[in-house]
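For reference, the structure discussed in these notes is given below.
For reference, chains read A, B and C in written order, and residue numbers begin at 1 within each chain.
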């Protein structure tokens, strides 16, 4: 009988191991001879698994092997998968960088589109921008500026490392002084 | 140290157990302290798994726990059973395994029968074979070879685990290349 | 290979993958080492099978008949005296046939060896409910300075494009422009006309600039005798007329 018991424990182990879903006591009973009690087998298997890297646990209506909790932490590999800022967030950040301190209304004016709270929140959460007081006009709108984290993210020593706006935006912000009679180039 | 060794064996067990795919020795090495040899841990774990319902096997790309082969008959009643490959596909697979890389014409010559698309498709679909470049002769016929999945499927560590052609049957081994005097079909 | 009934013969032929398959089966029936089988006996058996099959099924597959034709040739040469060169050639062919049969036999054994392995997913099973121990850290950002610059330029460009920016019409004239305008419109101006009427209504600095360039232009034209100029008193309007006008 002991030898048989060993066989049944092996069978239960293999069944629980290979099953995609937790193995119910009923499924195990169906696999065992009538005179063998599934519960006994499971208890014995559980006892034998003690101190191993995996343990037999009851999940819902069935049984499943799981990694021992004290090892799970050591097994966890952290994969760094950097995210990309959405275009709207990137543009908003750029406007804040070059125009800071700047109000939301000003950002909207420059982009020619309304700015969602979600975009501001995303930039705040990424520690790229911070509030920088209020503009002293009616409504006292919040002013936004970049953080040291912004400098770190973009590998800048200071904001003066950013190219001048005039060097960036050439044709659209052309000076108005040039006479229309003079050919552009 | 023995206690530590036990911990490392538990850790290896948990790591390999958690994954459905074979675990590479490299992955285990990365998890262990520098002065601990992964191979020693694996051998010890393999020894401890002996006689259990699941066993540790080395297959192609790494190490994997699998249910013990002797339980197959009783387990398959419970766990769904995919169809076995038909004889033609098995013979074709054997020719590819032992003669790789090999062209379709060579396979047909050895079997003395044309290779059906269905057979090729079945082997490709099961991820057992892959194309492996072209033979540098007129027409540049595709060459076929086995995949790592082939090793995993058949529980082989490497192609050198396949028995030598000469050992397969007791006949003297004759070259097959000159057989073109016989019409292929 | 027995031939008790034509039907069983057809069935047994159809059970073979091809002529080589049948030949291997016949060779096995000789119950000797494949390297020492009697090719002659094999050939005769094959031809007997094909002849029997052909009697009842004329549309027998071409490759069976091609093999039969080749084996008939082989048999005729094998029957020649050993010293005949054609017999030697046939001997070589027979060896090759034996070698092919041996290889097919080996690959059968190989397939059987593979089939006997515990097959993953059929005989043995991997972990059914794998655990995922990989955590993904998405806190870092992919964003570099060039991307920031591009974003700024795009934002500004799109922002200004939306307002449909149009540069203000500028009215600073050069003297050359004033000359052109004066000569072009002089004919249509009857009599003495004030200088201001030779450029559109402007204000402030633009008016003064236009007035200055038009005055310079009128002086130039008057010097050449193309127009006449007149100012009745200091700071009164400067009047222009065509030389032909009275």
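Simple rule for what comes next: a contact is a pair of C-beta atoms (placed from the backbone, for glycine too) under 8 Å apart; a residue touches a chain by one contact, two chains touch by 3 or more.
Quick caveat, the model's predicted, so the values are computed rather than measured.
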Open item on the list: Thinking of each chain as a vertex joined to the chains it touches, would you call that graph a line, ring, star, complete, or other?
Closed with: complete
Open item on the list: Looking only at C-beta pairs that count as contacts, which pair of chains has more of them, A-C or B-C?
Closed with: B-C
- [ ] Taking CA centroids for every chain, report which one is farthest away from subunit B.
- [x] A
- [ ] Return the distance between the CA-based centres of subunit B and subunit C, expressed in whole Å.
- [x] 34
- [ ] Going through subunit B residue by residue, note those that touch at least 2 other chains and give them in order.
- [x] 15, 17-18, 65, 67-68, 75, 79
Task: Residues of subunit C engaged with two or more neighbouring chains - done: 125-128, 131, 133
Task: In the complex, subunit B residues that touch subunit C - done: 15, 17-21, 64-69, 72, 75-76, 79, 81-82, 84, 87-88, 90-91, 93-95, 97-98, 109-114, 152-156, 162-163, 165, 168-176, 178-179, 181-183, 185
Task: Touch list for subunit C against partner subunit A, complex - done: 125-129, 131, 133-138, 140-145, 147-149, 151-163, 165, 167-170, 172-174, 177
TODO: Flag every residue of subunit C that touches subunit B in the complex, lowest number first.
DONE: 17-21, 23, 33-35, 62-63, 66-67, 70, 93, 95-100, 102-111, 113-115, 117-128, 130-133
Task: Complex contacts: residues of subunit B adjacent to subunit A - done: 9-15, 17-18, 31, 51-54, 65, 67-68, 71, 74-75, 77-79
